[in-house]
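Heads up, the next two complexes both have chain A, just with different partners, chain B and then chain C.
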Partner chain A sequence: MKQKLFSFVSLFTIVIAIWYLAALIMNGNQLINNLERKGQTWTYQQVISQAYEVKRPMLPAPHQVGQELIKSIIDKPVTSKRSLIFHAQITLNSTLLGFVFGSLLGILIAVGIVNNKTLESSLMPWVIASQTIPILAIAPMVVVVLGAINITGVIPKAIISMYLSFFPVTIAMVKGLRSSDKLHEELMHTYSASAKDIFWKLRWYSAQPYLFASLKVAIAAALVGAIVAELPTGAQGGLGARLLSGSYYGQTEQIWAALIVAATLGSILVWLVGLAEKVLLRRRGELTHA
Partner chain B sequence: MLAVAEQTTLTEPSLTVKPKREMISVQDLSLVFPSKDGDVHALSNINLSIKSGDFVSFIGPSGCGKTTLLRVIADLERPTSGSLKVNGTDAEDARLNRLYGYVFQAPALLPWRNIKQNCALPMEISKQSDAHKNKQIDKYLQMVGLQDFHNKFPWQLSGGMQQRASIARALCLNPDLLLMDEPFGALDEITRDHMNIELLRIWSETQKTVVFVTHSIDEAVLLSTHIVVMSPRPGRILKVIESPLPRLKTLALRDRPEFHALASEIRSALAHEHAID
Partner chain C sequence: MLNLLMLNSTKPNSFMSQSLKNTLYIALILSQVIIVATSEIGFYKNLPLLILVLIAAAFSMAMLLGQLTNLEGKYKSIKALIPTLFAFMLLLTWESVIKGYAVSPILMPAPSNIFNALINNIPMLWADFKQTYLKAVLAGYIIGCSSGFIVAQWAARSQVLRDGLMPLGNFMSAIPIVGIAPIMVMWFGFDWQSKAAVIVVMTFFPMFINTLTGLQSTDALHKDLMHTYAAKKSQIFFKNQLPHALPFIFNALKLNSALALIGAIVAEFFGTPIVGMGFRISTEVGRMNMDLVWATIVVAAIAGSLSYGALALLEKSLLFWHPSYREGNNSR
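Showing the complex of A and B:
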């Protein structure tokens, strides 16, 4: 535990140090250019002392992002449009909706592929092709097309989350549903078990470790999908909208604060899936310790 | 009434033996596994008849096809040629009718089910009532001495206990035919002795037909009414020995000259073949 904490703290410190150094170099250059353009002279001391104070810095220093986070999370009520919690919750809604439907779709496709050779050869190329299309190109089209038939709000964003999150689940479940022990399959054979029994009493359980591993990927992908869906569509709320408005107005602190909230949200979601896995496995007695 | 009948079978098994019929009949059966380095003749020209109520052991060195023959009877492998009847039907029908219970070399318990749920599995599949399920599970877990472990998961049990659970699972369906593939191979000798005696008791109580694969001569002598001696390359039957020993044997029998005589008959049948090799 102590060692774990130590390695985390040391890596964190290194990242912060690199960040400060990068901020100094990037903002310092910006500062020097500005001064030189005005024909003013400058010293290193002056640059170092001012690099972390620049308005609209190229790369805000960690403490500037921290101030922005405090300002937009703690100082603002959650109902305010300037609160990051408000925006995070909008993104979370479409993430979760897209994740649930994406996972279900992923499982369904995998079940189809595993049970039907024709489906495997006909569906699999589409499944893979779907992921080679840049999501940034698809997202606005989905939003516009659905908007034309009066579907707006959370649904189009959830569809894009679903589009990204079904894929890992399909790939893992195709593998997982085929991973059952040969001996167990023969055992079911001696019982002359139906295909339905073999699926629900054997394959489904054998696939669960694969399912949970892919759900962790899927929920992170769903979050990315929701944010990307908010970017090009002129959404009024959500972390994506916050990123976009930050870049419009050159508010780099705002962009970085939104990024940090998105990363934290993603970590929490993945952790929750891991927790669900542990609880389920422990109830089934498969987890010996921990 | 039923209880009385069971009591009778317990004390005097020889008096209540059912009339014998042919349980397994194998004629000119061969099985060839094709492979890149040439065909493997796993079974060659097998002829065998097993009567109901018999306890038949297949014995031989590894690669002699004893397990393969058992798997053919269970319809886990299809023969290349020849004919096979199980209880008068072909092997597939016998399997579809759930005529037999199969005990694998490994316990093959499902890790996500506890012992009771594992035993319930075959009965769930054959759609039996919960009351019947519970009755069977209680009865057979008691028989294999695991009644106090019904809510434990497989990993919480020793290898021997897991294998006993898998035998209880096979018995729960109450099949006429029990196919056992070296079920005690991984057990220590003390547990193995105990399990052998338990198996003999279960067999004499229930009057099932047992086909038992082993590579232990002592085990074959201790358990069987008939011993099928097999040889590898190609897998074939060398000799079928009918045991002169009583059906219900005890461990003490192992010190008797009749026991040694039978063991040495098996040993010489196996050795004869090795001289040819």
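Showing the complex of A and C:
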């Protein structure tokens, strides 16, 4: 444990050091180009001292991103349009809505596939093939089209999140619902259990570990879907909109701050699902340390 | 067609009625096709009852598919047709509803319109495909996957590297990496290099995690056996570790092939020269030219499915010895 912490901390330090160095080189070059264009002379000392204070740097140094984070999270009230918490909450709404409906849809499809042979042989190849289709790429289009028929706000974004999050759940649940022990199935049969009983008392139970593993993938996918879906909505807010406006106006600190908030949000969501898994599956006693 | 009619010839009693039924089913489906092909746009608005034919056709298809699923013996090869027939019915329903209710093409173009747009714009779509797929996706995919592999194979040997990179890898899998697209566009310019850079970052970590897991999944007994053979490190790697890691590596390769295409297209939303699939999608959406947008999506879907299929074939040929591919094994 101690050694793990040590390796992680040392790697973290190396990453930060590389970041500072890269910021120096990239911003320094930009600075030098600027000065030369103006015909001014420059020294390395001057460049180094100024490289971390450029406005709109190519790569903001970590402390610049930190300042931006403090400015947009702590200094601004939560209701302000410049608060990242405000935007994160917009993204979170559509993520969660899409995640809940996507998981339910995924479970339903899986149950259908497991119980119906025709459905399996006709639907399953398409479920797999549709994973190769870059649905994320058309997310902005779906938002625009739904906007054209007056469906705006959280719904279109949630639809994208839903679409992205139901596939992992379906695939894992089909596998999970079939993973019940053959012996147990036969035992249930000797009890003359009905199909409903076999489903609720055996299959559903054996599918639970698969379900939670896929829910972790699904919630991360739902967040990506929500962020990408926000790209074209512009003024409506959300982390995706922050990214886009930052890229339009060259506000690199804003982009990095939004990215870090998105990353934190993503890991918190996955961690929460993991926590729910631990609590709900504790009584199984065979929890895998995934 | 004859095969379909003869499906239940093994049961002599129900032979006549069953083949009659099947003829009826096929006739219903055919009549629906004819209705869609010949009627004027908006026919369901004029004759609402025609929708019954569509429902009957869908029902017939479901019955036929149900019979096909239960096929045994020498007709088993027909089973491969089931997904195709299912997709055909789906497209037929889509076309009928769009045409029948005269849905605005801005909302949802009919499959026939998409197909026309695809055929009429092949040169442009090919240029987009070249820009996005052949340049950005291939370059980014190859660099990202190979660097992920190389770093993973270092990490398999070094505990420090492993402990440091694993948490980072798990962290990166939870975050939306497409978000770095605007930064990469700023650094590497509007052309394909910035898209390739996004793809490198997106594909690196799945490849890294999967390869590392695979390399570490080697059986301890096999390791000992290699040791008794006095195998060199390189021999252990190529003859024991690598073959064991191959299923994991192919998993990552397949996952990455989809990720790479998504990354390239999304990155193009943030700035691109006037060519590329992402550019095409965003501009044609702005012009409400939906059939062309959908045609681009069809191209992307075909490219994605073909690369996935090619990888699956390669995997099959390299992993013929693996339990999941051996004959007589159900893939459960």
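Convention: the second predicted complex is superposed on the first by the 269 of 290 C-alpha atoms of A that agree within 3 Å, B and C clash if a C-alpha of one lies under 4 Å from a C-alpha of the other, contacts with A are read in each partner's own complex, and residues count from 1 in each chain.
Definition applied: a residue touches a chain if its C-beta (ideal position, glycine included) is under 8 Å from a C-beta of that chain, and two chains touch if they have at least 3 such contacts.
Since the model is a prediction, treat every value here as computed from it, not as a measurement.
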- Query: When the two structures are laid over each other on chain A, do chain B and chain C clash or fit?
  - Reply: fit
- Message: Contact-wise, after the overlay, does A:Ile255 reach chain B, chain C, both or neither (first, second, both, neither)?
- Response: second
- Determine, under the contact definition given at the top, whether A:Thr13 touches first (chain B), second (chain C), both, or neither. neither
- Taking the superposition as given, does A:Asn115 touch the first partner, chain B, the second, chain C, both, or neither? neither
- Touching A:Leu244 in the superposition: chain B (first), chain C (second), both, neither? second
- Message: On the A-aligned overlay, A:Thr152 touches which partner chain: chain B = first, chain C = second, or both, or neither?
- Response: neither
- Per the overlay, which chain contacts more chain A residues, chain B or chain C? C
- Angle, in degrees and to the nearest 10, that opens at chain A between the C-alpha centres of chain B and chain C: 70
- Task: For A:Gln40, decide between first (touching chain B), second (touching chain C), both and neither.
- Result: neither
- Would you sort A:Tyr191 into first (chain B), second (chain C), both or neither based on which partner it touches? first
- Smallest distance from any CA atom of chain C to any CA atom of chain B, in Å, after fitting: 10
- Item | Residues of chain C that touch chain A when the two form their complex | 62, 65-66, 68-70, 79, 82-83, 85-87, 106-108, 159-165, 167-168, 171, 173-176, 178-180, 182-183, 185-187, 257-258, 261-262, 265-266, 269-271, 277-278, 281-282, 285, 288, 290, 293, 297, 300-301, 304-305, 307-308, 332
- chain B residues touching chain A - in the complex, by the definition given at the top: 74-76, 95-98, 100-102, 104, 106, 108, 110-112, 114, 121-122, 124-126, 153, 155-156, 173
- Note on the structure: Seen from chain A, its contact residues with chain B in the complex are 181, 183-184, 186-194, 197, 201-202, 205, 284-286, 288
- Query: What does chain A use to touch chain C in their complex?
  - Reply: 3-4, 6-8, 10-12, 26, 58-59, 117-118, 120-123, 125-126, 129, 131-134, 136-138, 140-141, 144-145, 148-149, 178-179, 220, 223-224, 227-228, 231-232, 239, 243-244, 246-247, 250, 252, 255-256, 258-259, 262-263, 266-267, 269-270
